[in-house]
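In the part that follows, the structures are each spelled out as structure tokens.
Each of the next two complexes has chain A plus one other chain: chain B in the first, chain C in the second.
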Partner chain A sequence: MVVEDTPRVGEVVESGSTAFVAQSYRLYGAPPLGVLVRTGGPCPAYAVVHDVATRGIDPSRRPLPRGKSEAAEQDVYDNNPQLEHLLRTEFRSVIVGHVDDGETRYRLPPSPPPIYAFVYACPAAEVAAFTSSADSLRLLAGSGVAAAEEVVSAFLRHAMAAHGDPTAYLAGAGRQLAVLFPRDFRTVESILLRAAQ
Partner chain B sequence: MTGESGAGRYLGVVVGGSMSRGVDVRLSPDCPVEEVAMGQHVVIQGQSRRFFGVVTDISLEWSDDSVRANPPDTSNPLIAGVAAGTAAYASLRVLPMLAIAGELAALEGPAPARTVPPHFAPVRLASEEDVQVVFGAEDNRHFWVGSPLDMETRVCLDLDEFVKRSNGVFGKSGTGKSFLTRLLLAGILQKSAAVNLVFDMESEYGWMGTSEGTGMVKGIKQLFPSRVAVFSLDDEHSRRRGVSPDYLLRVGYNQIEPEDIELLRENLGLSEVAADAAYSLARHFGQERWVKRFLELEGHEMRDVASELNVNERAMSTLHNRLGRFRRYGFITERESDESVEEILRYLDRGNHVVLEFGRYRHELSAYMLVANLLTRRIHARYVRRKEEAMGDAAREPRPLVITIEEAHRFLSREVASQTTFGNIAREMRKYNVTLLVVDQRPSGIDEEVMSQLGTKLVCLLDNERDVEAVTAGTHGARDLRSVLSKLDSKQQALMFGHAVPMPVVLRVRDYGTAESYRELGFLEASEMRRQMERDADDLFGGRE
Partner chain C sequence: MALDLHKIAGQIANMASGLGERRAEREAHLSLALDTLSSAEADAIEMKRLQSRTTFLVARLRGSLAGTHPCPALPNDYAALAVDGSHIDVDRHLAAQCYLINLGTVRIRYGEQPAAHLGSEPRLYTNDEDMHLRDPASGRTQALEGSLLGALRAVEELRALAALAEQADDDTPTLALIDGSLILWGLGGQAYPDFVRNALIDDMFLPALDRLREMARSRRLALAAYVSLPRSTDVVNALRLDGRRCPYAAANCDLHCGALATGRRPCDSIAGVTDRDLFERRLGAGERSDVFATTSSIVESSYAEHSVHFFYLNAGAEIARVEIPAWVADSPELLSLAHAGIVDQCGKGHGYPVAISEAHEQAVVTAGDREQFRAIVEAALGANRLPVYTSLKDRSKRVKWL
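So, the complex of A and B:
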């Protein structure tokens, strides 16, 4: 279920079949870890933010300390407005599904999102619709991204907030995880405990 | 996933198993393990047929070994809820008993399962309709005996098939054997499947009987007054209970045969030599008079007879001594007559059922065994003769007769079963239209051959291992039946299996003892009886308006 008029947060700058990197329009304006985002384009992809990074636009030059004489961190940015253009915030997202002919598919899109595709943070209604299927965790749980347990529990935390009965949703998601990690109930338990905190 | 309407609760899918062990069913996480009970009936939907099976084991499994060593934090309801049914789940063992192929075959009834359902075939609890397809609806040969556990459907027993073979009611004391027997007798009466001859040791079938919990209950004479005759050995006892017996039974000394003494050997504390002496005495004095003449012998006469017959004198004197007890039995007369046997047969021939009460002799096992054995021998002999005379002409054959005996292991123990009439009847099935209904609490004491010939067995709770083994020996899925048996409730529950039922079934035995239960068995209160008679008269002679 694609919800129109949702806030746009950035654009795809690096794209692949399983994941993409988007640059946020605002410095530090990336969606939080675990948030469900959707790309624009002919075959919109759903993805979960799993890594957010801010660095200088020139990879060969590391930013230098500037706040020695400032009273607060924010003063550094206020007194150096050019920093907004010298630094950039990127977020990596792992693809967990796509929209095909108006239907949500819980599998990888046939082609990756194009560069410059817009990236939207999905509103609660869209999150609820996406996570209502028992398949919604499969690609994420199997993605092998760094700190996967953290990402999954953050995703569940956001998804819970979108559902009318968060506890029931979490219990259902827990059962899906138990199927996805059949010999590792410890992992399931730790994900759930973190999601419920 | 509850499927089409009318289907029972969805339990899970078949995940493995074998024909001999039964199939394994992974219980669905939505179905709480506590809701499934041993002995419950389930339906497995295969590709081309439906299987009807019974739950024979329930086990708790886990998919993650670490769960066993370090159980998850189940104080957290979320974790507990997720762990249950996923990492930790339940598994059922289901023994497929019957297969119903397609829709058409349902009309012909189910056949024993000879195949297994495929992997992942869905499994449900049997619905009321499923149970009805298997056990048949109540009609003029199917008698409602009870309901499966947790269900209201009526499980019926095919009484025509039932009385074709000897049958057994087993269970330790206080578990409802008499209750069940009374119900079966009432059923045989109601459906007129056969005539009953009941050796009613404790006087609980004919007139009032006691039932644990509900107090006094009506006997079959009260339910079917015109079709049941109560014979008594003890007039005084019957009158004291407010029962006027239809016939006062007397046994003549001439009817006692050495075979009876052989049967009573253990009870009377006789050695083999002493029991064998009875045969010599019968030869010596003649079959008709030997007991009377022997008991009249004085000490020196006995010595003479002993030496003449070449029998140990001590053995003979013990025999004399023990047979002397018969003098105390008021029902034994000096008169030589076969009248009591004739009278019983007359009643049975008219289609009346006979209950023999023992009155004060109920505590005398020897009296019970003597009378039961002696009457049965004679009645059986008459049936054999008449059946042979009929030579296949069904109209002239004697009515099928069911003889009910209690303490059956005394008549059918390994030592005596080969010699007693009861042993013969049990072995020859319905060849001569006579079968037994044996009621016993120690089935392990009954000869194995006799046990294997019993057609249908109704077993209440048994906890002695040897008894359980004896009852289930030679039955398909015996091991599973044993585990079901040991889990029965001690009240109003019984496992029924064998010839007259398509598959073993755990029953909650139907009620007996309430006004409604009597009505359902065909009993009419006096006022109803009057109305019924008036209606009948109106039908016969035309209305009176």
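So, the complex of A and C:
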């Protein structure tokens, strides 16, 4: 279920079949870890943010400390307004589904989102609709991203907040995880405990 | 084959040894120059300068020369503008004759509403009128390449700075900066015919200065050029005219000392000292020297009311030379803005004005960019079925073979 008029948070700057990198419009304006995002493009992809990074736009220019004589960290930015243009925040997202002819599919899209495709942070109604399927965790759980347990539990926390009955949602998610990690009870338990915190 | 560093290492060692031996002599010269500075009479030197014919460039003194001025207060709200440029010169090995000028522009506003704009504007010049300056009277032409293209770039930088200042048309005190000198040294002397100077200075450079001065009449706008690591000796050369260094009532270098070997003239007792050496010992952090005026022939003959003045500034990490037009030098308010603004910019930029530094980053054309530019030009020619040829010399440099 695609919710229209959702605020855009960035654009795809690097794209592949299983994941993409987007640059946030605002410095430090990336969606938080585990948030469900959706891209534009001919095959809109659903993806989960699994890595957020801020660095200099020019890789040959390393930031130097600037705040020795400043009272607060924000003063560094206020007194050096050019920094907003010289730093960038990127977020990496692993693709967990796509939209095909208006229907949500829990498999990889036939083609990756194009470069410059808009990226939207999905509102609660869209998150609730996406996570209502028993397949919604399959691609994320099998993605092999770094700190996967942290990412999955963060995703579950966001999803719980979108559901009217978070406890029931978490119980259903636990059943999905038990299927996805059949011999790894400790992993399932660890993810669920962190999601519930 | 690469440079044989083994063969050059011995020569480098000899050079270092020679520099070490001359250090004591230079220190003695510097000490004497400092003594001369602290007790020199500026008016007497200036009077003598006007009567002298020297073989070196002497600063015009404006009443005093040993003063030091602490950094004034800077308005809480101010804007720094800067333009810097780089270019790709005409390459006769390239199939198409053209050059590119890339101007980096920066506008940073500080204070209550901090904001910044960074941009670059590359422009490709390919037309015949772009490639040559033409004398309308005689029809003579001068190719725009090499050092003349460098001068054109400096002119374009100032024009872009004037445009940038016009865009930011508000009451915020504004410091407009360019990197390097305001003096178009390359156009001085007999290097180029008059129509070249007319085209670049009279028709382009001065109108940009006029626009900046016009804006400065209705708002606080100070133009300044920042020269890092200056090697100029205008002030030291003024000290050469001091009665203790030059025994003649009116100096005439060729007449009085033309027959003497280098180093044997009376005023050579302070030879080898730069203005930077001098003011490094005199200026505390944030302090500036007195304001002097250049007597460069290109400025005196062509700059009209924009004659270039300068002061030395302890910018924190280095002694810089700051060049300003007469209308900034003569306005205590604009002079203070230039002084305090540059000190602040250097503080924010780790020793170098941050606005200029960012303009440079916007403008820089890397070796990789040059290669890509070349490839795009050749691809565009090929796409239009134009012949893509290159010199055999260039091809042999690009293709390594045995």
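Just so it is clear, the second predicted complex is superposed on the first by the 197 of 197 C-alpha atoms of A that agree within 3 Å, B and C clash if a C-alpha of one lies under 4 Å from a C-alpha of the other, contacts with A are read in each partner's own complex, and residues count from 1 in each chain.
We take it that contacts are C-beta pairs under 8 Å (C-beta built on N, C-alpha and C of every residue); 3 or more make two chains touch, one makes a residue touch a chain.
These numbers were taken from a predicted model, which means no experiment stands behind them.
Using the contact criterion defined above for the overlaid structures, shared-chain residue A:185 touches chain B, although it does not reach chain C. More residues of chain A are touched by B (comparison of chain B with chain C). When both complexes are overlaid on chain A, the residue A:79 reaches chain C alone and has no touch with chain B. Shared-chain residue A:111: touches no atom of chain B or chain C.
In the superposition on chain A, contact of A:170 is made with chain B only, not with chain C. By the touch criterion given at the top, residues 58, 61, 64, 66, 77-86 of chain A touch chain C in their complex.
On the chain B side of its complex with chain A, the touching residues are 29, 63-67, 70, 72-73, 76, 78-79, 81-83, 85-87.
Those residues of chain C whose C-beta lies close enough to touch chain A in the complex are 106, 108-110, 114-118, 348, 350, 354, 358, 361. Within the complex formed with chain B, the residues of chain A that make contact are 167, 170-171, 174-175, 177-179, 182-186, 188-189, 192-193, 196.
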